[in-house]
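My structure is below; once you've seen it, I'll send some questions.
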Amino acid sequence: MSASTLPSELAEPASDHQLLEVSLGPQHPSTHGVFRMDVSLDGEMVVKLKPVFGYLHRNHEKIAEKCSYLGSIPYTDRLDYICSLTNNWAYAMTVEKLAGLVAPERAEYIRVILSELTRLINHSALAGFLLQDMGALGTPLMYAFREREKILDLFESLTGARMMCNYMRFGGCRCDLPPGWIEQTRSLVANFPSFLDEFEALLTGNEILQARTEGVGVLTPQLAVNAGVTGPMLRATGVNYDIRKVDAYGVYGRFSFRVPLGERGDVFDRYMIRILEMRESLKILEQALRDIPAGPIIDPKAKLRNLRPKPGEAYGRIEGPKGELGFYLISDGGPNPYRYRIRPPSLINLTILEDMCLGQTIADAVVILGSVDIVLGEVDR
Amino acid sequence: MLNEIAFLLCAALTLAGAVAAMMLRNLVHCALCAAGAFAGLAAIYLQLDAEFVGFAQLLIYVGAIAILIVFTVLLTRGAEIQPGAASSASSWWKGVPVGALVLACLIWSIMASPSLVRLPSPNVHAPVKQIGEQLMNQFVMPLETIGLLLTAALLGAVVIGLREPRTSEPNS
Amino acid sequence: MTPSLNQYLVLSALLFGIGLAGALARRNAVLVLIGLELMLNAANLNFIAFWRFGPHPEKLMGLMFVLFSIAIAAGEAALGLALVIAIYRHRRTAQVDRFDSLKG
Amino acid sequence: MSGLDQIFVWIGHRAAGWFPASVQPLVSAVLAIAGVMAVFGTCFALTTLAERKVLGRMQNRFGPNRVGPYGLLQPLADAVKMLTKEDIVPFSADKTLHFLAPLVLTVPVWLAFAVLPFGRNMSAINLDAGILFFFAVGSASELAVFMAGWSSQNKYSLVGAMRAIAQMISYEVPLVLSVVPVLMLAGSLELNDIVAAQGTYTFGGLARWNVFTPWGLAGLILFLIAATAESNRSPFDLPEGESEIIAGFLTEYSGFKYALFFLGEYLGLFAVTGLAVTLFLGGWHAPFQWLEWVPSWFWFAAKFGALIFLFIWVRATLPRLRLDQLLNFSWRFLVPLSLINLLVAAAWYWTGAWKFPVVAPIRWLLCAALIALPYHWLGRALRGAMPPPRKYIYAE
Amino acid sequence: MNGFGIIKGMIETARNFVGSYHDAQRLTTVQYPEQKLPPVENARTIPFLVFDGDDAMAGLRCTACVICEKECPPQCIYIVKDQVKKPDYVGKMQMQPKVFDIDISVCMSCGICVEVCPFDAIKMDQVFELSTGDRFGKLLLDKHQLAKPNDYFVKIHKTEASEIDVRREEDKRKAEAAAAAKAAAPKSPATPGAAK
């Protein structure tokens, strides 16, 4: 062997196979919208993953700075379009802080009820989508959607729309509950556990589901906290952080409920935490539906049109179904916010996607993405 | 007459497949053409009333070996785009004369022996039952040996194919 | 009219020649293996043809040989291809003339 | 029993009788082929509809019900749609292979139906090595899938093709191994003999189908699992795993070629289902003696339909496995278990000579235990050292 | 036991399969063109303009104040004021729109226009079968297409409409009383509006 050929002979390739660069998305069945992952595959294993987003960017924050305070509310519906009511709430709460409004008690109760119903919608839909990503061909998703439809019917009879509710206003809510709404909600809440039981019988014990989720996409509590991950993603790693408890905003302080915490932070924990959270949400709903007082639904001082808060800034946050949803507003005294900024939980939870996916297979990457629970409307804004 | 035509067709398929398998540039095409040649041979076996062997040929060569070859071609994909591949151009000047020489010898000897121009014995059939019985009686030792050999080959292939622990395993 | 024995033998010889020429000429290890398989198949065809045209077809000798030969070929292919892959992993090439580390 | 049972045989004979004797074998062969193609072609159309309707009902939907009464004409509409769609061939595709792949998949699959006995005296050919023939012609589908995936020059297709090959090679082994006990006990490779071996009735007029024996039951389950994987159906639909690799090797196919793939996959499923019926469920035999008067082809069709329903049911329920889990499942669970099943079949054969008063249940339980215990151990080994069950803490 | 979870899941799907044939709670699909869900009173789709009386243009409540045009978040409303005024229900002379267009391809059905309208002139409709073959022409509705009688409003939003009607009746009565008082007072010629 001649010396000149030696280096190339000794040079060990970094990897056994050629890397396959695949661009998953933006048109891909399981990227939950128009999300893209630039993946480098070694066989089936992910060795590099770059999330690419922005395909659904709609200039929301800039538009809101040109819009009146009232005019932004319908746009917040379209952030996380599965949970429009919690978005409404976070925004309304921030404007209330900014303008010094106080929502009446009945409005706060309505908000709690609606936001917990939204949590049910979001978590059940997520569990369905997650299983869809695992290839369960829509069955869990259809069951979840069946229940979701029932809740959406309630939303429609209250707010007039199923998804784009545009319901909450700074200082309260837009309209009062229609007659019979409480009873319908109560019966829905009473029937929901049977759906959860059915859903769990279908899947939780399923060996394939367990094999697909256990130890997949493990997120350590340290990384989760450092990356600012919030919501069920964070709680699945075992960190006890729920803004409903931390801030006790609204009237959450009056309800007794628990916060389920995960053990290992893998996909299975994320799935289970959401199921358990739904059960806790039902408890809150029962209490709220029982205790809801009569009274006005909007602060009489609230001026919807032409609101001009005093110059200042405010940050309002709530525990959205996906995590901490925050709005940051600066007012210069004019009719539109000077600065309008959203802290979208989906986007921030998405930032650690690569850390969770490296070394897993491409099939896992899809499942991990599903378990992060993103809605591109919120990620890209 | 029908038999003759069928034979010629199968032979043509086999030879065309074999030639293409050896001459095409694209490795995947080569492997698929080889599969075609194997299938043509299986058809010839069937013509020769060797049903069992024909099906076995199809099952093993087309179903297993061709697939393995294709798989290997895919796993060694990088080979085609290696720098310095030019030095590895085919050396037909070595292969073809040798092959032609051997071929000429064989053909000459076949043509030279008139005893080989004969017709098949009539009504031959090889029932599966008889094959099985022979395998279990007369050929039981070879059968066992083959079993052992295949097991050894399987283990060997697995050991050779095992990934060295250099790279981290995807967790299983 | 049925084809006679020597036609099968000529076919077999052709196949053998093609396989041999290819195995010698081509540099890719996979192709060399395909060439070997072709030669093996040529031999199998001979066995079958001699069995069919032979005096004692009821004894199934030729068939048995072919069955064993196919089994061995399967093992050979599995091992050979595993070797190709193993070598490829180390050397990033499947060209036989580059497997020359042992050459002085 | 005779009239209706043999009606198709009789029609075939009568139709062939019109032709001169010299071409009669050819004519009856053509008739048999035409019959098989017509029946299973229709079956394909109906199954696509039934699958969608059953899936729909399992998902609390209606399923297709717009085209024709109860949506019965939906397959027709699908066919029109498929055939009128543009046939897109990617610019960089290997056009020859891209064209050949659906043919290579679909044509050999039809051959497999030649050896299946659909009823009394109703198999197209009686091949001595029927089962071997069945598996031999089925082996072309792997090459077809590879050709489709590779020739498309699409990364998803390539990944799908690699997955498909790995999966098919791995599951061919348990598929064939789970058949072996049947062959052992029937002593024949010919499917008609195997059916005949299950054609007697034991106490209470219950049929002696293979599935009523421990090894037969285990064999059937193993066979069905392997068959599901071989025909790329959920939960083993990795090669075309929609949520991961779009449509796998089918990504770049459209129009008629896609329809051919669809046809080929369903026919492959039908073929293995028919084989499962023949090998384990007594073929065309009635389950009880007193039901013998029902035409034999009806029984075949009923069992066939039941198994197809089972496949659809599984598809509606289960998530998909991951590739490494899939291969582990085959090599570390199915293959050992089917080998053990061979031993169980041998034990069953051996204990058949026992003459005890209560021998039948004891023999059954013994053999069942022989297969159930390895099942349990292998299953545990497959799942690895299970971490302790999770406890979810609740923070107040 | 291995496989038990899978079997449990399969039992669940089988239950749903059977249940979908007899349980309305499971098979919730509505066969749309034949069956329709009962209308929900609060439901909203696109805005329409309410008019009183029989003549749509004369009875239009809209006073072309352009508040809705200003507040509409996606800005899908386009109004041009008419120079000619017309009396409203209490007899006061009001502006009226010469052009009132809504581009419903832009409208996002939020209902902000309804909330801010001080004249109860624009309300949310419940029609949802809005698809047309012409994306640009037919989705731009002018005031003739948007105008719908008060009876229709009463039909779709019963509670809200009856409240408004009561309030308007009262306003009218007060206005008439005021006008009568004014008429009773000396040296004030009756305005044309009061005559109505």
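Just so it is clear, A, B, C, D and E label the chains in written order, and each chain counts residues from 1 on its own.
The rule is short, and it goes like this: a contact is a pair of C-beta atoms (placed from the backbone, for glycine too) under 8 Å apart; a residue touches a chain by one contact, two chains touch by 3 or more.
All of these numbers come straight from a predicted model, not from anything done at the bench.
Participant: What pair of chains has the most C-beta pairs in contact?
Facilitator: B-C
Participant: With chain centres defined as mean CA positions, report which chain is farthest from chain A.
Facilitator: Ranked by distance of C-alpha centres from chain A, the top chain is C.
Participant: Can you name the chain whose C-alpha mean lies closest to the mean of all the C-alpha atoms?
Facilitator: The most central chain, going by mean C-alpha position, is D.
Participant: Return the chain whose centre of C-alpha atoms lies at maximal distance from the corresponding centre of chain E.
Facilitator: Taking each chain's C-alpha mean as its centre, the farthest from chain E is C.
Participant: Just curious, how far off is chain E from chain D if you go by their C-alpha centres, in Å?
Facilitator: 59
Participant: Where the CA atoms of chain B average out and where those of chain D average out, how many Å apart are those spots?
Facilitator: 29
Participant: How many angstrom lie between the CA centroids of chain B and chain C, rounded to a whole number?
Facilitator: 5
Participant: Counting only residues that touch at least two other chains, what does the list for chain D look like?
Facilitator: Residues 58-61, 158, 316-318, 324-325, 383 of chain D touch two or more partner chains.
Participant: Can you tell me which residues of chain A touch two or more of the remaining chains?
Facilitator: Residues 12, 16, 44, 139, 143, 146, 202-203, 206-209, 361.
Participant: Specify, in ascending order, the residues of chain C that touch 2 or more different other chains.
Facilitator: Those would be 89, 92.
Participant: Which chain D residues qualify as touching chain B in the complex?
Facilitator: 97, 127-129, 132-133, 135-140, 142-143, 146-147, 150, 158, 162, 165-166, 168-169, 172, 187-190, 324-325, 328
Participant: Show me the residue ranges of chain A that touch chain E in the complex, using the header's touch definition.
Facilitator: 67-68, 70-75, 77-78, 139, 143, 146, 149-150, 156-161, 164, 166, 174-175, 178, 198, 201-210, 304-305
Participant: Name, in rising order, each residue of chain D that touches chain E in their complex.
Facilitator: Checking each residue of chain D against chain E gives 54, 57-62, 313-314, 316-318, 375-376, 379-380, 382-383.
Participant: What part of chain A is in contact with chain D in the complex they form?
Facilitator: So the residues of chain A in touch with chain D come to 20-22, 28-30, 41, 44, 131-139, 142-143, 146, 202-203, 206-209, 211-212, 214, 238, 240, 242, 245, 258-264, 268-269, 272-273, 276, 361-364, 366.
Participant: Once bound in the complex, which stretches of chain B touch chain C?
Facilitator: Answer in residue numbers: 1, 3-4, 7, 11, 14-15, 18-19, 21-23, 27, 30-31, 34, 37-38, 41, 44-45, 48-50, 52-53, 56-57, 60-61, 64-65, 68-69, 71-73, 75-76, 78-79, 82, 85, 87-92, 94-96, 98-100, 102-103, 106-107, 110-111, 116-121, 124, 126, 130-131, 134-135, 139, 142, 146, 149-150, 152-154, 156-158, 160-161, 164.
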